[in-house]
Structure formats: structure tokens, C-alpha cells
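Alright, structures below, take your time with them.
Two complexes, one shared chain (subunit A), two partners (subunit B, subunit C).
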Partner chain A sequence: MALLKLAVRNLLRNRKRTVITLVALVVGVSAMIATRAFINGFRGMIIENQTRGVLGELQVHHVGYVANVQSSPLTIDMVDSPEVRAKIAAVPGVGVVSPRIDFGAQLSTPDRTPPHEDGSELPEADRGTSTFMMVTAFEPALEKQVTPRRWDWIGAGRGTMSEAGDSTSLVLNDDFARALKLELLPAGAALPPVERQAALITGDREQALNGENVVIGGTFASVTANDRRIGFLPLALAQRLLRMEGRVTEYGLTLEPGADLEQVKAGLQAALGPEYEVHTWAERIPFLTDLVETQTKIFNIVSTIVLLVVLLGIVNAMLMSVLERVREIGTMLAVGMRRSQITRMFLMEGAVLGVVGGVLGIAVGLLLVLVMSQAGIELPAPGAKVASVIHPTVEPFFVVRTLAQAVIGSALAAILPARRAAALRPVEALAHT
Partner chain B sequence: MSHLIEMKGITKTYQLGKTDVVALRGVDLTIDAGEFTVVTGPSGSGKTTLLNIIGCLDRATSGSYVLDGVDVGTRDFDDLAGVRNEKIGFIFQNFNLIPVLDVAENIEFPVAVRKNAEDPAALRARVEQLAKAVGLDQFLHHKPDELSGGQRQRVAIARALITRPRLVLADEPTANLDSKTSEQIIDLMLALNREQAVTFLFSTHDARVVSHARRALQISDGRMVAGAMAH
Partner chain C sequence: MRTALICTLLLSTQALAGAPTVDDILKKYDAIMGPTVFEAENEMTSTREDGTTRTYVMKMLKKDSDKFRIYFTGPAAVKGQEILRIGDNAWVYLPNLKRATRIANRESFQGGDFNNADVLRVNYQADYSGTLIDSDVPDTWCVQLKAKNAETSYDAITLYVRKSDLLPVKGKYFGTSGKLIRSAEFTDVKELSKGFVRPVKVVMHNELVPARKSEMVVREMKLDVEVPAQRFTQTDLGK
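Let's look at the complex of A and B:
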């Protein structure tokens, strides 16, 4: 007897119950697919913000820099010249090369009003302050090609970043600028007198203190929780401030489309030699691995619970089905069907439920993913002021694994009902009313 | 020549909580191939218990039972599945058709569950031939719930015969049928006995049915009171 035929017909027998069981399975499976896709999209959004907004795909430093990155060491720097840039750009797969300096500085803001005629002190609220901040210096024209997302965030803030070579314009985090009550210099406006300008003060490579006047040319909107005390500065100004003319601490790189990240990294290392170190974006954001690991763990726990609840539903539905079919099972045993065949018949019913529910669930799940990724989910990253767009995706391996879980799980769920059915004694089963 | 059924000193005691219910108190019985035998007796006398033991659905508490040369008493249950399937056809009071299978599938079911399947075309032909014999050749693709009680019992008879059993057991096969239909079912079984030498053993309360039987056994309070030994 074709067990499959028998299983399908028995499932169709109590349609309402089968449909309810299937709906639970479909909801469970599709939720697993959609949630997974959302987590993937969330991760992709963070990666996108980091690679196309902060880091670039690859970074080149003088060897030892990343190990000491917390102190933004200016002494672990590199000569920056057209020859060096050309050498880097010549490595196959490398796109744009953007030189940078990361450093910490004291931002000193001017008094908000002119000094009193009588020489008396200004009220507290009008006096300038001094506060610590982190500065990333770069050439806007190059950096724009490596981390274009920065300019999206500037677009969501106020003003612009000047690309003029002699610009003294600093771009600050918008919240930071507002907290300091700093006013923007409108584009094209004449510079205010020096005593009314802000200044960046910091120790140079030799620990000597230096200062440069700056104006606030623009602001950018926060996209993460930890980008408040941050600003962007033209590279030339930073090099003057730090007495680092012709030197940088970092190159941010893009990849050419289709190039392999690890391969390009190896090529760079080989071309540049042991004086330099090359890192991929992933190596620069170890927190991402932790974040993804935590999310995956939580996801696994929740999806296991969901699957268990769904499978308990199957156990329950099939136990009811066994109870309704006691006399029929007695008949089957009487006419010579073996207990193992009864067991297989019910396992087959579970497996058919699993296949149908699993396939439908995956279809619904993929449809959800498609709709979500076409529409794009706008969601601010934690602590962000502007939304980033999430494009959920799901990997084929996960889809296959989920289907396997649904089918095998459903067959396993059928074991208990199947064993109960197979253990029936025919005399009593036949007498059952 | 050896008998089809040879029972000696069969007893059956049911455990009902702490009390023992003795259903059979030492039954001796022989039945030969080709017989048409009816078992009668008051309610609770042990008819069903006896038929269950003969049909290898249940085991005797003591006594010996040899069916068609097989010492049934020493076989375990799943082993007996094969014996039941090959040697015995069952007809039940409640018909007990498989509701999800149509008439043809119900008839072939006992053969279809076998490990080494029969040639499908030959099986189909035999199903159709049996359906014709019980007057259901127009109903092969009807589901049981589309049939009358009498028609269902005819399907059950055809199902009992598909394996060419040595013995067909029927426990009150007409109890759920009206008297006219009962008559037809009995006539059908008599005809099958006469024309195809099918051995029937069935139990009934119906005195009119008894009058058709070639051999009548009477059981009372777990003992055979008449007709136990072949005439």
C-alpha cells in the first residue's frame, strides 16, 4: 500500500484540523525566514554605514598603528606622496585611495559676545569653552569617493564641507555643534575676525602644542551612538596643525567592483612591504562579530521555541487523529498490517505536513523578504538621528536548513502519536466505539 | 486428514481490575475446511472471545490451538499478523471499512499491505471479480460513506476473500443490518461456501440465520453445549 497516498488522504479527512496545523507551521517557518532576513539586512546596514561611511573597504597604516589605535598615535605615521598613492592604487583591485589623519584635539570656542567695554567679565553663558574632540582629516574630493555616506549625513545636517584647498572649515556632529552653541559660517561669507573664530589646539608629533583657527562650515547628523564628539577637517589644515606636512596616518581604500577583498589585501601587503599593515573593514570593527553573534544566539533561541510550539501543535493534532481512528487501526492490524507499518503511516503523515507546511512557509517567508527588500525598511541604527535603509536578504543555506527542520521536526513530532497507534491491541481497538 | 481448526481445553480469563472474568471454560472444537458453521449463545456467553482467539487476534489463557497445521499458541503477535493475513478473512459487525479508501482499495487492502506485492494487474482483475461476486462491480470507486449498510458488508466480504483465506470469521455480521439485507448477506455467504468452498465460521443471535447453517454450535457461559465435534 502506498503509505504516501494513505497519509495524504488521512490528512485531507479532517481538513480544518490539518489547515490549522499547517497555518501554525507556515507562520512559524515564514517568521523564521523573515526574521533571519531582517537580521541579515540589519547587519548589512551596519556594514554599509561602516564601509561606505567611516572606514572604506581596506585600510593601510604604518605597521603597529592598529594595535595602538586607541591613542590615535601620530608617531606611527607614513609619508604621503603622489608616488605612495600611485603605488597603492597600482595594486590590482584597488579603487580610490584617500589619505587621512585621525587625531584628538581641544576645540576652543570663541566668546559669544564682544568683551565688555569696562573690562568686566562676560556672563557664564556668553563665555567661550574648550572641549575635547576626535578629528578625522581628509581631502574631501577623494574621501567623498571612499565614504560617500559621510556626505549623506552632512546632507542631513546643516551647511557643507568645503573642498577648497585653503579651507579652514570644520564639519562637526550636529548635536555637538548645537550643544556648544556654535554658529555656522554660511557658504561664501567672509571669515569673522580671528578672535571670533574657534580654534583647534593639540600636541603635534613632537608633543609641542599648536593651534589653528577654524570656522564651522557644516554639521552632520548622527548615525550611531558614538559619533557625537567628532569632526571632519581638510587634510592640509590638519597637517599644518600637527606639523605633519607630507605625512598621514591612514589610507582608506575602495575596491574595484568584483575584486576579492582578501586577495587585494594580500596584494597590497606584498606591494607595500613589512613597513605597512593592511586591514579589511571587518578587521576594523570586531564589535560587529559580537553583535551578529548575539543576535544569532537570540534568534536561535526564539526560533527553537517557535518551532517547538508548532511541533507540539502537530503532536496534539496527530494524537487526536489517532484517538479518532482507533477502530480503523484495529481493523488494519486485524487484516494483517504490521505494527511497523502503522508507525510508518503516521510518520508519513507528519512528514507530509512538514513538507507542505515547510514549503508554503518558505514561500510566504520569501515573499515577505521580497516585499521588505523592495520597499526597504527605514530604521535608525541605535542612537542615530537619521534612518538607514535595511534591505533584508536570506541566504539559500538557511532556507534549505529551515525546510529540513520543518520536515524532520514534523516527522519526529509524529513519533509519539505513531507509537501510540502502533501499540493498540486489536481486540480492544476493534471493540472501541 | 487433519482438521483446519483443532482446539483443546481452551480457556480465557480476563483481568478486570482485581476480579477475574472467566469467558471460556475449556472449549474443545474442530472445524474442517469447507464447513459453514454458526456459533450461537446468549449475550456474554463467550462467542466474541472464542472468535477472537480463533482469529489470532487474542490469545487463550490455556489450552492448545492448531490452525491449518500452525501451532498458534507459540507465535508472537506480529508473527501472527502474517498468519491472520494469509489464512483468515474477517467480517465485522460494524463493517470496519477504511473510510479514506474506495471500494476497490478496501477490497485489495489485505493484499496491498503485504511486503511482496502481487502483480497489480492480476490483483485489479481479482478485485473486480470479487466485487462482481458480491454485486458491487458498479461501485468500485465509491467511498464507504456513499454505501448502504448491506453494501458495506458486501465490501467487507470481498475484502475477507481477497487473500483466498482458509477460513472466514464473522462476528455477528448481520447485527447492524435489517432482516431483508441480513437474509441477502447470509445467502451470499452460503453461495460462496457452496460454489467456492469458502470455510465460514460466524456468530449470531438471529435464530432465522441459524436455520440456514449446515452446522450449529451452541455456547453457554463459556462452555460448548452443542455441536462441538464434527458430525
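Let's look at the complex of A and C:
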């Protein structure tokens, strides 16, 4: 206890130096906390966009579907019936069940003018085109409850997604629709004549060519750079186009509040049997794990460097302190103070710096996190129209770990100066000018 | 003068040795694989990733080198579908929509491994320029073709033809990035009509999904036909 008092007093003797050292510690520690919180928030944002905008919390497929997902296989599909949906919904912890079909199709756009009477070619600007796109088909009323973020994006676009059962309305990425010069059909307006409508053309489940007329009922604003050639279609229309009445390729599910993801997954697998496969959202976005791992690695390297620089500052300050106090140390040794006590005294000074700087740094860092998370950081992804908002958060374990790093690091930084002080010979030290 | 003479002699010896020009090869290819006017009956069998196959039956009409019409007659799911090509434009007519919609050259033909241009747009003389290169297949000439415009079926083709009669043997087809995307074998040489001899079977392998392939077999082909111009108009589709 006496040692602590002595250490504090010694630190207060040269306030300017102590304050500068502390400021360095505070800046370093608070930056570590804030950066970590930002990375956490970024990860949270991606998860939110994926689970509440694309995937749902859990997905059910026919076994083998996810392994072949790149080719959107229509033959690895499932019977969709009220009984199947009820069976899935009956598993404890399952919330809403939304049936879906994912497929690729050609979007063939209509000519902008009627054909010439003499059969000659239209000018190129007036000709329709045919473009490949990916379509996700679902029942809007159900899907809205599983991926409400989709409707935020549609809300940021134009028009809406019709919930009418017989709707032939396709919702496209807004930039994509503009690039194809497709006009929106206003809500409630009568359908234009078929030759003025677009069509989706694709191979059906048996890969025989089929097509359906569509109108563009709405658009959604781009969220990421790779959602350009994407559209949403009512499930019934997709089933007709793909000749898959009563069949789907995917069920997207929500969890009931408080339900455990892995437990519900196991429950679903047990209830549905080996014909089906169940995946959590995390298993459907392996890129997220890679992304977070890379970010964490970079973060660890940077924070180690920051901490090292700060600690080198402490080494320097303590060395200065030792040099200034040579005669004093000599006196202490001369009156019988042990070398180990001298060492401990300097280590204590380092530790006190670490505790004060660490605690202050964490306070400043948490304040920063609080401000950032309440305001939210709008982060427009490259090419995205809708900004995604990051709400930084930091986990308690990380705060404790950072504090420990600051305290132990500061004490360790004092080792070299402390050993130097302890190694002084009393006579020479007393003679030091 | 003497040098010139020797050169001329040398050149003519080479000509005698039989190396054809690229033009000769492309001209022959177009003449047998896409004659200017014909009426044909074809069958295409596509093998999918899962090993299942499906056979499509179609009737083809061609006129004026850039007008093409196809009627699908089977299986039931595609019966009544038609395709029309006029110049750079192509449409598919779907009976359930009762109208024609535009299709693009590089889209898959009936979900198989040929693309639309492979079937509708055989005019290598107009679409590709090439050079003769050393062949790695015995008894063949090999030409390296580069697309002249964006409407072609591929960006580059390596075509092998028999030395004896310039009939195609095999082809390698490359996409935009220079990646090999398809390869074809031309087999079953037959006389389809008097004096008209060609491989009647083309097997197109999908190099991106190796389990997939499509075989196009010409059952019948007549060159001396008179096809009314009306058949090659949009308004005639579905009639």
C-alpha cells in the first residue's frame, strides 16, 4: 500500500509528463474500443441485410439443393402444400414460413414502337432486348414477414409489389429497370396490350422453353453492388412459368423471439426427415465469416501496433524518470531499501499509469460508441442507392481484455527502466550530478 | 526476275500441296452447315447434369442467308413454339402467350448447349475472320477464327476440317474472357440430298458443366425448295 502511495506521488511530481503519457494511452485504448465497435456494427449490418432482407433466419430445401445452388436447380425441389407448411410451422420456435423459388430467366422487353408495316427493321433504339436476370418468387404477404428489409428497399424505389394472387407484376432493381427503359405500370392501371408487355422466358422444370407476360409493378433501390439483375415475382406466376404448380425450391423461416437458432434447426431436421436439409443464415453466407475473419486480423495487427507505440512512450517516460531520480535512488539504496523494492516501485508506477489511462480510455471509447450507435453511421456501399446504417456495439469481454492489456502492458513497459534503476550502485548514484 | 520466278514456283508448289485458304474453308463450312436456302427436319437431344435427356423435334426453313424460321413439333411442352430470325433480330413465339418476344444470339437454344446463333446464324464468312494454324489433329486443317462483330455466337472459334474434303471434324468455342465454353464434334457424314454431303450429327459439349451436352441431328434436308417470303415475317408467327 505504501508502494502504491509512493508510485502515485512520484507520478504527480512531473504532471506534464504523466498527462502526456496518459493522453497517449487514452487515445490508443479508446481508438481500439471504437474501431472494434465499428467492425461489430458493420458485421451486424450485413447480417441484418441478409437475414431480414434476403435469407430469413433459417432455410429449408430438398436435400442437395444448397450444394448445387450456383445453377439454381429446379429439379431439386419440394412439394409445397398447406400440410408441409403446417408441419414446418409446428416445430417449436419457428415463426413465419415463406415458400420461394429462385431461378434464372431472360427478360424480354417489348419494342417501343409497333412493327413497321413493310416488315423492315425498327431503329435499334426502338427495339426491345433480351437480358438474363435472377428471379426470386414468393408470396408477398408471407415474405414480407420474413424479409421486411426487402420492402424497405422497394419503398426506396418506385411503385409497390402487388399482393394480388393473379398479379403478373415483376419488381426489378431500379437501375436495371431504367437501363432497360422499362416503364412502370401505375397501381390500379389496366394492363397494356400483350405486345407492349415484357416477358420472362426460361426453361421450365424439365428445361422446355416457356414464357409468361409480365408488367413492371415496382422497383427496389440498390443496396449492394451485386443486386442489379435481380427481380421479385409472385410465386403463382413463377410456378406457371416453370410448370411447377404446387412445388417450391426453398422455404425461408423466421424464429420466434427468444428461440435458439441451432435448437430450432435440429428440431426442423428431426421433424422433416432426411429428404430435407435445413440451413441457418450463417451457413448460407460463408463469405461473411471470411470477411469478419479478415477484418479481425487486420484490426488485431493495427491495434497491436498502436498499443506498442503507446507502450514505447511509457518506456521512454519511465526511463526519463529513472535518469532524473538517480541520486534519489542512490539515497534509497543507501538507507537500506532493497533492489527488489526499487523494481517494484517503478513497476507500480507503470501499472498505475496503465490503470488510469486504461479506465479513462475505455470511458472515452464507450462514450464514442454510444454517440455513434445512437446517431448510426450511414454507410453507402459502393454503387448502392440505399445507405445501410451501422450501429456500432462492443462486447464486454473485449472491454475487459483491452483494460487488462493496457495495465499489464504498462507494467511490462516499466520493467526495463525499473531494472535499470535497481541496478544502480549506491555510491555512484549518490555521486551522480 | 529469276527470284520472282522462283517465288512464284514455290508458291504454286505450296498451292499444289493443297493448303486451302481460310476463305475456302469458311465457304465450304457455310455451304454445308448453313446453305442459303433449305428446308430441314432436325432432332436435338439434350443431356442434363442429372443424366436425364430430352429430345426436341423441329422443322427449319431458311432463305436469303439471314432469314430463318423454326417450328417445334415435339415434345408436347414445346409444341407450337416457333423461332424467327431476320437479320440481327430474333424472336420466339410462345403459343401460351400468343405473341413473339425477342431473344438474343448467345442465349441457350431450347435450354440446351447450343446457343441461338449456333442454329440460326451459321454464316462464318460474314461473322468471323481467321488464320490457318498448325493442326494438332491428324489429317485436318485448323483455322483460328475471331469474331468480327458483337452479334456472333462466340468470340473465337478453333475449327478443324478434314484435309480430304474440308468437312468439319471438330470445333472449340471461346467466350468473352477467352475461356473455352463449348466444344463440338461433327460426325455421321451422309448424303442428305443429291450431291449434298455433310456430317449430319453435331455433338456440343458444355465445357463449363461437363456432364451436359446436346446433340443436333439432321434427319432430312432439302435444298431445292421454294419458301414463300411470307414465312419470314413476324405477323406469320403462330399461323
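Quick note on the criterion: the second predicted complex is superposed on the first by the 427 of 433 C-alpha atoms of A that agree within 3 Å, B and C clash if a C-alpha of one lies under 4 Å from a C-alpha of the other, contacts with A are read in each partner's own complex, and residues count from 1 in each chain.
Following the convention adopted for this analysis, a contact is a pair of C-beta atoms (placed from the backbone, for glycine too) under 8 Å apart; a residue touches a chain by one contact, two chains touch by 3 or more.
All values reported here derive from a predicted model rather than from experimental measurement.
A.B. asks: Considering only the touch criterion stated at the top, classify A:129 as touching first (subunit B), second (subunit C), both, or neither.
C.D. replies: second
A.B. asks: One more residue to check, A:334. First (subunit B), second (subunit C), both or neither?
C.D. replies: first
A.B. asks: When the two structures are laid over each other on chain A, which of subunit B and subunit C touches more residues of subunit A?
C.D. replies: C
A.B. asks: Classify the contacts of A:106 with the two partner chains as first (subunit B alone), second (subunit C alone), both, or neither.
C.D. replies: Touch status of A:106: second partner only.
A.B. asks: Using the superposition on chain A described above, determine whether A:288 touches subunit B (first), subunit C (second), both, or neither.
C.D. replies: neither
A.B. asks: Once the shared chain is lined up, is A:121 touching subunit B (first), subunit C (second), both, or neither of them?
C.D. replies: Touch partner of A:121: subunit C, not subunit B.
A.B. asks: Both subunit B and subunit C touch subunit A; at which residues?
C.D. replies: Dual-contact residues (subunit A): none.
A.B. asks: Would you tell me which residues of subunit A are touching subunit B in their complex?
C.D. replies: Its residues touching subunit B are 1, 6, 9-10, 12-13, 327-328, 330-339, 341, 426-427, 430.
A.B. asks: Which positions of subunit A touch subunit C when the two form their complex?
C.D. replies: 68, 71, 73, 75, 106, 108-111, 115, 119, 121, 127-132, 194-195, 199, 201, 203-204, 206-213, 243
A.B. asks: So in the complex, the part of subunit C that touches subunit A is made up of which residues?
C.D. replies: Residue positions touching the partner: 46, 48-50, 54, 56, 75, 77-78, 81, 86-89, 92, 94, 96-99, 101-104, 107-108, 110-112, 209, 233-235.
A.B. asks: Could you list, by residue number, the parts of subunit B that touch subunit A in their complex?
C.D. replies: Answer in residue numbers: 52, 55, 57-58, 78, 81-82, 84-86, 90, 92, 94, 96-101, 109-110, 112-114, 159, 163.
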